[in-house]
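Paired with subunit B in one complex and with subunit C in the other, subunit A is shared by the two complexes that follow.
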Partner chain A sequence: MNTTLKVLLSVFFVILCGSPIWYHTMTVHQTKLPTNKLLNLSSSANPKISIQIKLLFDEQILKTQNKDPFLSKVKKEVTKLSKEFQQEFLTFQINTQAIKLKKDYNNMNDPKKITKFLEESLSFHKEKENQKEKEKENNTEMFEPKYTLVLLNIPNLSEGIYLPPTGRLIWINLGESTNEDNLLNNLRNFFPIFGCITNTTKFTTQTDDLHLSFILLNQDPRGRVLNWEFEEAFNYYLQPTLEKLNKRFSEITFDSEMIAYADLEHFRVHKSNEANRNNEKGVHYSISKKTLRRVIQIGEWSSSVATNKPVLRFILFVPGQKFTPLFINKNSGKNRDAFIVPGIGGISIHNLNKSETQLLNKNDLRRSFLVFANQMRLFLGIKNLEKFNYYDPSNVIHDIELDMLILDTLIKNLNEAKHSLVSLHTLIEELPYMEIPEEIGTHIQNAINEIQFSESNMKKKNYKSAYFSSKRAIEDCNRAFFNPSISSQLYFEMQNRFAIYIPIFLPMLAPLITKLFKQISSF
Partner chain B sequence: MYHLKYGEIGRYSPPGGELIATFETKEDLESKFRTVSRKISGIFGTSQKFSDLTISAQPFYTEFNSLESTSQRTHYSSLPREPVCTENLTPWLKLLPCRSKAGLASLLNPIKLYDLFYHSMSVEVTRSQENSLSFHQQLLLVVELKEFKFSQIFGTPLIGPICPFSSQTKIQIEGFSDYSSFTPTPEEIGNNQVGFILKENLNNKKDFNLHYSPKENTNNNGYNHNNIGNGNSNNGNDNNNNFNNNGINDENISKNQSIKLNRFLKESGKIRGGVITQITNLEKNDLHLTLYDSLPWFMRVYFHTLTIKSNFENKEIEITDLNLEREQDNESNLFANQASLLRIQTSQDHGRPSIFELALVLKPGETFQISVDYLKGFLNFEEHPFDGNRGFDIAPAIVSMHGKKQNLKKRIYYTDSLLLMLPTPDFTMPYNVMTITTTAFLIWYGSFLNNLTGRAGLKLKKKSKAKWIIKPDKF
Partner chain C sequence: MILQLSLLLLGILLRAVTYHFGLTSVYNQKFEYVTPFTSFDNLVEAVHLMSHGTSPYGGSHFHLPPIYLWLFRWVDQDSYANWGLRIIFILIDLICCLLLFLIIKQTLGQQKNKMLNAKFERILPVAISSIYFLNPFTIASCLVYCMGNFTRLYILLSIYLALNANLVLSTFVLSLAAYTEVTPALLIIPIILLCIKQRSQLFKAKINQNKSQVKRTQEKQKEEKEEKEEKKQQKTKQHKNSNTFLQWFLGIFLFLFWWVLLLVLSQLMFNSKFSNFKININDPNFFQHFFSNNQYFTFLKHTYFFLLNITDLTPNIGLYWYLLTETFVVFRQFLVFTLQFINVIGLIPFTIRFRSYPLFLVAVITSSITILKAYPTLADFPFLFCILVMQPKLLEKTRYRAFFIRGFQVVIGLLSPFYKIWIQDGTGNANYLFGISLSFSFGEILVLMEMIRSAMIVITNEKDKKKEKNSLQYYISTKKKKSSQRKDK
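Now for the complex of A and B:
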């Protein structure tokens, strides 16, 4: 064997031995994931949530009917109705019963008194106390979607569905007409409450924890330095709702601030002599609704608050003397004085009357705070339904709405968690060269455990624990999905690696290979 | 040492950024401080989120505020390299109710502001014993004063409106000997100061101008040199509102100063060095001071080399190791000796800084020179900043004056910050390695390929004139 051949063979020997070492250095570490569990979870359906509705009829309504056949007929019809509204995760169990209410309530016309009367008559207050005792014993808050629907006929009160602020007792006033059609119509109007949550107006779908920032924005403080009794107004109008939300749903914090000097550059302000919203004649100013649509960010109207949560701003805008009174001009209909900017918050315009002093007290702030309360409902995703009487404006969120919010969020969290786990699994499968550190494996395992825990709690009807487990599951999924180690990697397939090395080594190897062939052929 | 240069007119800040946080309880201070530093970082657009355990510490014997016994619950960090600019000014202004739209804050033009001799801004939030919160914002500027016109000083005229949220907007002037020469006439005249109260019905068109017309009898321009350095007292009559700043006059400055501070590095190569801090008592009474010095972990301090020398004595001053529990001591125990070592914290690599705290008693006119040696650490390639050869900024030391006996206000003084040159790795090495290895490889490969691929051919060799020999040859 001549020297040339020896050299060539040694070169190729080195390449042969070095290639596995090179290939080994190219492999990436991927931690083992519980793929089977993951796939089983994703394919399994969420346990259904059963909502129990007890339908109570006042015997007076049934005077003209045969009691038992009527009740069973109504039950059948209502069950049919409920199936129309049944969603993937909700099922209804309906029971009907006739009751005799002791007092003559027909002459009442105050919804609050009627609610109180019903609670006493049906021993609801006793149930509430029993529930509180049970909660103290178990050291947890019970949450059972059981609702009592009472049908009454009160001629002095408007027809419709009345939602009391607290408790799971709802009553429907059939008015003067107690026939079957009217009854079924009213029941048909009732069921949409179980679908009252929507994502269209929700402030953010990423998280339920929010920070509320209340701002008093005095456009031109010259001559009138404003102050507001924020604490009193907040404690009266919004504090009970926030307490309810913090206890059962999410962590919501708040702050307040007073800012002066703001410009109206974003909005085109028109001067008008037409009658204003109170039908008073005189000069007033208006912003067209079209201009509002173009507002993307408020800029200097925002507060300076540092928080990790999304900030939802409620701005009480007091226009300067130059632009008072200021309204939002709807194309047809009344002038308005409040609007929302998606992603930022809600604004309410407060035109100072001449009689108002520079201190806005609780009563002066009533209208604006109720507007904020309604805007908060929109941002939480709660719809205002037709035929429902929200007769207590100080109560922002009713118990049944909060129940639906929790259940809707629970199901959404579970679906999202499963979906993101499956996406992550698919991504890992498609990119075998993506490094998966141990940390991600731990988060995925935790997410799976939380989802399983949540589902088992749903089967036991412990929806509160199920909800908080689902929240933790989402957090773990996000930590896995948005782990910094994934985003910093460049994913090279093997073909790409060859494409990097070939331009270097091929020109080097080409003459060696041709020389080798020549040597071999010369033999 | 800005108080020496510009006078004691406010609380100066050290260069860069500083965060002092006092918490209600001692538990879990570090994680609470980390949360606070991140939020402050977000609000003011600073790099306070980098105030981790390698930089921050607890000064036990420095009282930053007037509340007693807070030092055990106080966490402190300093970022001397932090640049202060418009992105910090804007959120600072946003905290004001009128922001920069009205009042004195409307004068703050960033272009002019950051062109001044000195500027610092601070926010102080304190809770009183009655549990009420007070929020204090201070902006300290040192301006070259040629004319007393706001448009000249700040680049923006003060044309109103006045912020209606303020109970009073006042321009206070100190340091002049003759206040009657000011027009308009000041509303408040006090000892060595006057005040001009701005009202809401300010003339919107003209800049609010102060005119100073010194009387004929005065030899100087009326300016009292005792406070802010204006060394030359013989400027002559100047009726044109021109003030000449002719530099620092040490004699005049020291008349109203309490201490003089100096701090510098005693460099000796790339391996070791020393830090020297000089403190001079300019008062007529004894001064009780505490010195807090925090040196980063890559300055490996040899605490046995900690020495204190005095200009009054030839030998070194004995440092008494007090080793006291903080709750047990009181001021008299701390200052019982001339120099007492209150606390030492050794550093941990990538963990925590070196700290020492001393209690010193200086006689009038005495100068203490405190020196300590260190060994320079060698940092990893990735730990150096992008401009590695610039050096590392070392936070200033803090001198705290404790003055119950002398009825002095408790004051905090900062020394200068230092610039430490650490031994740097050769940042061109990765390039060098790549270059050398590829060159060596190519040289080998080139000659190898040449040998392999060279053709066997005939080489003509001339042996004599008569004969030609044909000889096969390889190349």
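Now for the complex of A and C:
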């Protein structure tokens, strides 16, 4: 064996010895993921949420009816109704019962007093104490969708559904007519509340934090510099709603601002002599509905808010004297004075009366702020039902609606978490060269654990814990999915690797290989 | 002799004058001479941290092994004007220069390396050592107290000791070089080979001396001579075979032994809370010092791992800082491994090819280590040149000398302006500096390739001549036998 051949073979020998280390540097580290658990989770259906409704009849109502057949018939009808209005993830358990109320409540006129009377009679305070004890035991805030629906007969009060501001006690006044049809009609008006959450939301409901920005937009401050009693109006009209929403969002912050000289370039303002929304004749200005579609970003009038949280802007627009009064002209001919821009915020137009001063006080701001509260309902995806009043500041969002919102969010979180995990699993399967650090494995495992914990809590009817677990599951899924290592730039396939290796190895190996072949052929 | 002394004095004077005029502060800012590994500022900072009870590696600037902290434990901010320190670095350069002179002189003294021009032979050692000692890059590196000078000193000393067949000391000095910068560990094979070769040559010389004293009749003398030559060859072969393995084993063992000893010493020093460096063997807790706080050779992370992993990507005249800045994190490990492995790939093939010329093998391996350093300085350039010229006979066939000289002038001249354009003026970018560094490294590699090519040509020519000589001798001896047989008849 001549020296040249020895040299060539020694080079290849050394490269061969270094190959294991080279291979090790080339291998992509992929943490083992709990694939089986993941796939089982994704294929499993979410446990259904059971809503318990206690339907209580005052005995006075049943005097005119045969008790048992009447009750069973009502129960059948109510079961039908619940199936008609329920959502996929809900099941209803309805118990009907006749009760005897101790006091003669027929002469009461005040709904608040009636509510208080009912709470005392049905020993709701005991239930609250029991709940608090349970919460202490379990060390979590308990939340069970149990509702008590009481059917009353109060002739002095108007017929309808009364939703008290807080609590899960609802009562329906049948008024003078206690017949079956009237009863079923009222129940038909009530049950849609359980389907109040729409799928098409105007704003993302998966966020935990929210920032509200309130802007007083004065189009033309010449001669009238406006100011507003924002704090008082906010505390009175919006604070009760936001306190309730704190159960859904971890943190809600807000700010207020006054901006002047807003332009109306996006809007085509038409002058009209037709009757306005108050059926008053006279010159007024209107913006067509078509024009509103061009308003994509009301943030152009925007505020100096700088935050990482999702922002909802509520603008109180005061048109200048030149364009007062200003309305929004709907196709049906009715004029409105508020609209929303999906995902961004809402606008309410406040036409200044001659009698109003430059300081907008709490009363002046009543309508606009209640409009904002109702716009918030729309942004959260809560439907407005016909027979309900949403202009009571303390009751813009009822507890039932809030419960449905939380449950809907819980189910959506679980579905989204499962979907994210499956997508991530599919992505990893398709890209074997993608590095999966241990951090991602940890997040995925945590997400799986949280989903399982959430589902087990749902089975135990501990929906609050389930809700918080679902939030954590979503957070872990997002952390895994949006981890910087899973970046499209790092999906190096074999072709890319060859492009990296060839410039380093080819110039060195090509002459060696050709020489080796020559040596071998010379033998 | 006078010329030599005067050149030495000139070198010392130049260094002293540049020190005196405070050019240290000017050259300390130059990236060509100061790297994260060799910077004296980092040593001063480390000593300062140590004096305040903090780990000297805490600032992640200092990357030399702990023994240097002990050696320079007295330095501070004012030490730049300390003549004691200046004398140390001047002495290092002086010793390197003398070692080069002695190595080349000894090499030229060997029969194999005799050059045709005797005058050239006399001037060459002085010239090459002066090129090193009077080189502006070497002076500048002395000026900035470059810690890389220590490695160069160790390598030259190791070569000199190996040339004198002193295996023990040459492995010790080489272990110092490997202890300072890991990569000189690759020189162990060429150094041991050099030691073995030198020993066998000394042994041959003794046998030749004994042979010349024996007197015989012409014919019998011839026959007996032939027999004795055969016996001598057999003896040397046996001597070789039995002792070679032993010497290899001894060499590697000694090298590893010295290296581990230095590491253990460092661990003891480092673990005595970096103060005082008092090692009391009689202390009953002596071994506890070694194993306390689970601090097992933690300094290795900041020294060897730092060098091998090329952690610091401060721009220098090398190539790795740019490549590793641009590479994706996924490929970093692979690239670092490949860049460091290139040194290892060449070791065995070069050893096989140049096993008969171990000094040239040392030169080639040292050059490849110097070119492919992670943190090179301009002072490595004259060192590289002088190392390659240690066996001048092999370099008779080099070409393009003028091209290399002019090329290096241009490239080295452009290093500083391109750095300034990028870093100070902000008008250029990193590609400017990388382009010129790439040209510089490419030039060094071309020089090495050219010298290897020249060595290959000289070696093959010598082999051919030997073959011819052997065939001629064979023809003459057979002819003489036939004639003697005819005479007998």
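Please note the rule applied: the second predicted complex is superposed on the first by the 382 of 523 C-alpha atoms of A that agree within 3 Å, B and C clash if a C-alpha of one lies under 4 Å from a C-alpha of the other, contacts with A are read in each partner's own complex, and residues count from 1 in each chain.
One rule holds in what follows: contacts are C-beta pairs under 8 Å (C-beta built on N, C-alpha and C of every residue); 3 or more make two chains touch, one makes a residue touch a chain.
Predicted, not measured: the structure shown is a model, and the values here were computed from it.
> Examine A:F498 and indicate which partner it touches, taking first as subunit B and second as subunit C; both and neither are also allowed.
neither
> According to the stated criteria, A:I259 is in contact with first (subunit B), second (subunit C), both, or neither; which is it?
First partner only.
> Determine, under the contact definition given at the top, whether A:F517 touches first (subunit B), second (subunit C), both, or neither.
neither
> Is A:V7 contacted by the first partner subunit B, the second partner subunit C, both or neither?
A:V7 contacts both subunit B and subunit C.
> Jot down the residues of subunit A that show up as touching in both complexes, subunit B in one and subunit C in the other.
Touching subunit B and subunit C on subunit A: residues 7-8, 508.
> Across the complex, what residues on subunit A touch subunit B?
It comes out as residues 4, 7-8, 221-225, 258-261, 300, 304, 306-307, 508, 511-512, 515.
> Mind listing the subunit B positions that touch subunit A in their complex?
39-40, 42-43, 91, 94-95, 97-99, 101-102, 161, 163-165, 200, 445, 448-449, 451-453
> In the complex, go through subunit C and note every residue touching subunit A.
328, 330-331, 333-334, 337-338, 341, 344-345, 347-349, 352-353
> Help me check something: in the complex, which residues belonging to subunit A touch subunit C?
Listed in rising order, the residues are 3, 6-8, 10-11, 13-15, 18, 21-22, 25-26, 28, 435, 489-490, 492, 500, 504, 508.
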